[in-house]
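For reference, chains read A, B, C and D in written order, and residue numbers begin at 1 within each chain.
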Amino acid sequence: MKGLLKVFLGVLTAIGGFVDIGDLVANAVVGARFGLSLAWVLVAGVVGICLFADMSGRVAAVTGRGTFDLVRERLGPRAGLANLVASTFVTFLTLAAEIGGVALAFELATSVSYLLFVPLVAFLVWFVIWRMPFEKMEQAFGLAGLCLLAFAVALWQLGPDWGELFRQASHPSVPDGEGHPTYWFYAISLFGAAMTPYEVFFFSSGAVEEGWTRKDLKTERLNVYVGFPLGGVLSLAIAATSALVLLPQGIEVDHLDQVALPTVLALGKIGLAVLIVGFVAATFGAALETALSTGYSLAQYLGWQWGKRTAPKDAARFHAVVLVAVVLGAMLVLTTLDPVKVTEYSLVFSAIALPLTYFPILVVANDPEYMAESANGRVVNALATGYLVLLTVVALAAIPLMIATKAGQ
Amino acid sequence: MRGSDLLGAPVVSRSGAALGRVLDVRLVQDGPLLGAFAAMRVEGLVVGHRRTSARLGYDRVEAHGPWLVATVVRWLARDNRYLPWEQASLEGHRVVSGLDELLRVPFIT
Amino acid sequence: MKRAVAILTATLVTGMVTGCVSPSRTDRDYELKAGNTAKAVASSVATAILGADAAGRHKATGPYLSVLLGMAEKDALAVQSTFDSVQPPDATADRLRGTVDDLLGSATTGLTEMRIVCRRGELDKLPALADRLRSTLDGLRFLADHFQ
Amino acid sequence: MTGRVRDLALHLLDRQVVDTEGKAVGNVDDVELVVPEDGSPPYVVAILTGPQALARRLGGLLGQWLGFWSHALSRPDSSEPGRIPMELVTDIDTQITVARTRQELGVHRNEDRARQYLILRIPGARHARQ
C-alpha cells in the first residue's frame, strides 16, 4: 500500500497533462468527430511522454536538478530564454484555463455561473500551494482524479462492439465529411497536449521536492509507467464514450457538460456525481501543476531557490511568482474568455517549446558526467531520437495547420 | 575582465583574416592557490562559427549521446579549432592569433 | 402539427435541391452557410434531446441539465443570429433562408421551453418537449446533409 | 602536475550555485578573470551572479533591456552584479557549492525584497510543510 501511494506524482502529472480542461473537451471533440481513428496519436503521445518524463525524472533523482536548470545550461541563456518565454506562456494560459475549468465543474454541480467560482478557486489553488505538503497534495488530487475512471466504467456499461472499436483504432482513416488538414490538426493537438512541456517541469521538480535519489529510480520508473499510461487510458475512454453516443447524433462537442453526457446516460446520477468529483480533481490538479511549473521554470532559469519543501520565506521569489501567476490567471478567466478555447491557442507556443525542452533533457540524460551508469541505453536513445525528429516536424507543422484549419473548425 | 568579454569575441590572424569567434574558454585548475583550490587559469580558446556546437559537451571523449545527436553536433563542430593561450593576444575586443593555422580541439579526458 | 411542418419543409427543400440548379458562386456560398448553420443547431438540439432522455430516466440532476440546456440554447441562438445577419444573394436564397429560419425558430423556441421547464424543476416534462423537437431535428439534419 | 581541465561555457557558466545549507544562491551568470601583470595566463577569481551579469551575456536589445531594468530596480544599492570570490567555492560539480550561507553572501537583494514586502506579510510564510 505504501509503495502504491508513491506513484501519485506520476498520476497527478499525467492527469494534469492528459485530462485537464482542454483535453477533457478535446478528447470528446475528437471522439465525436473522428471516432477512434486518432487513438494511435494518444498511444504515440503516451510512449513519447513516458520516454522523456523518465529521462527528466532520472536526471532529477540522480543529480537533484530540475528540467529547466538543464535547459538553460545546455542551450545557453538566449535559447533558454526563448524556451522560458514560450513555455511559461503556454503554462500560464493553461493555468488560467484550469482555474476556469474547476469553476466550470462547480457550475455543472450547482448551475451557478462559473464566473462566481473563479476567485474562490484561485484562492484555493494558491492556498494549497502555500500550505499543503507536497505528498499530501499529490495523493489527494491524484486519488480524486481517479474518479475519471467513471468514463471507462461508462464505456463498459454502454456495451460497445469492442471488435469494431478496435478495428477503428487500429485502421485509422479520415472519416467522411472531414478534411485531411483538420484531421492532422487534431492529431498534432492531441500529440502536443500529451507531450506538453509543463509535465516534465512538474515531474522532475516534483521528484526533487520528494527528495528522490539514485535509490528511488525504481519508484521513478513506476511513477512514469503507471501514471502516463493511465492518463492515456482515460483520454481513450473519453474519446470512445463520445464516439459511441455523440458521434451517431452528429453532436459537436463545445462544452464540458457534453463531455459528461455519455457517462450520465450510462451511469446515471451516481456516475455524474463521481465524474464531477473527477473533473474538479483533474482540473484542480492541473491548476496546481501549471501554477507550480510557472514558478519552477522561472526559478530554475534564474537560479532562485524554489520548492514547496522550503518555508516560503526561504523561496520568496518562487512563491511570489506562483502567487502572481494565479492572480493573473484568475483575472484572465474573469474577462469571460472561454477557458476551453484558451488551451487550443496555447498550442502555438507549445510548438516552440517542445523541441527546446526535450532536446536538452536527451543530451543530459546521456551525459556521463551527470548520469554515470544511469545514462540512457541504446533502445531509449534510438526511440528518443525518433521522437525528437517527430517533435520538430510537429512544431514546424503546427502553426500552418492551425491557420489553415482555423484551429480545427 | 569577464568571461563574457572573451566568449563571442572575434578571432583574427596577424594578417587580419577572420578565424571565427571564441566559443569556449578552456581552463586548467593549476593556477595560484585561491582558498582550498588552485585557480582555474586560461589554457586556450575554442574557436569556431557555431555557438551551440561547443556547449553541448560532445567534445569530451567519454560523451557519446544518442548517435544521431552526437553525429550532428560533431558535424556542426567540425570546423572548430583550438588556439593555445600563449599564442593569443587581446587587442581591444578582438583576439589576435599568433598562429595562422589553428590546432585541432583537444578532447577533454 | 410540427411534424407536418417538418415533412413539408423537407419536401420543399428536396424540390429546391433537385429542381432549381442555379449554383452561382454566391448562391453556393449561401447554401453552404445554411448547411453549416443547420448542422450546428442540429448538434445543440440533439444534445438537448439526449439530456431530456437522461432526465426521463431519472439519470441526471437538475443543475446539470440546467447547464446543458442553457448552453444548447445559447449556442443555437448565437448561430441563428449569425445566420440572420448574412445577406441572401437572390430570390432562391430568400426561399432557402425562409426554410432555414422556420427550422431555427422552432429549434430555439423548443430549446428555450426546455430550459424554462428545467429551471422550474419540472424535469418530467422534458421528454415530451424533446419529442416535439425531433421533427425539427430531422429537418435540420436533412438540410445539413444536402448543403455540405 | 596538471590540474583538472574544464571548459568555461560547458562546465561553469549557467550552473546552479548552492550554499552550505543546500539552498540556491543563484546561477553562474558570468565569471571574473584577473590578468596578472607578469603576463602569465588569466585565471578565474570570482563567480558573478544576478541579472546585471546575465544582461551582458544575453547581449543585444534584450540584454540592454534587462540591464536597464535590473539597474533601475537595484537603486539605490550598487548596480554591480553579485560577486562570489573563488576562495569560497568548495566544490565544482553539476552544481557549485560555496562555504557561506545566502545571507552571508548577500548576493540576492531581490529575494530579500520579495520576502520583506510580500511573502512575510502572508501568514504561514515562516514554516515549511513537509
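Basically, a residue touches a chain if its C-beta (ideal position, glycine included) is under 8 Å from a C-beta of that chain, and two chains touch if they have at least 3 such contacts.
Quick caveat: nothing in here was measured; it's all calculated off a predicted structure.
Distances between chain centres, each the mean of the C-alpha atoms, put C farthest from chain B. Distance from the chain A centre to the chain B centre is 41 Å, each centre being the mean of its Cα atoms. With centres set at the average Cα position, the gap from chain A to chain C is 36 Å. In this assembly, the C-alpha centroid of chain C lies 65 Å from the C-alpha centroid of chain D. Inter-chain spacing, taken between the CA centroids of chain B and chain D, is 23 Å.
Within chain C, contacts with two or more other chains are made by no residue at all. Shown for chain A are the residues that touch two or more other chains, namely 76, 369.
In chain D, the residues that touch at least two other chains are 9, 57, 59.
Viewed as a contact network, the protein chains fit none of the simple shapes, being neither a path, a ring, a star nor fully connected. Pairs of chains in mutual contact: A-B, A-C, A-D, B-D.
Partner chain D is touched in their complex by these residues of chain B: 1-4, 6-8, 23-32, 34-43, 46, 54-55, 57, 59, 85-86, 108-109.
Those residues of chain A that touch chain D in the shared complex are 63-65, 69, 72-73, 76-78, 80-81, 130-134, 299, 302-306, 308-314, 316-317, 319-320, 323, 369-370. Across the complex, chain B is touched by residues 74-76, 79, 359, 362-363, 366-369, 376, 381-382, 384-385, 388 of chain A.
Those residues of chain C that touch chain A in the complex are listed here as 39-40, 42-43, 46-47, 49-51, 53-54, 57-64, 66-68, 70-71, 75, 141, 144, 148. On the chain B side of its complex with chain A, the touching residues are 51-52, 55-57, 60, 62-69.
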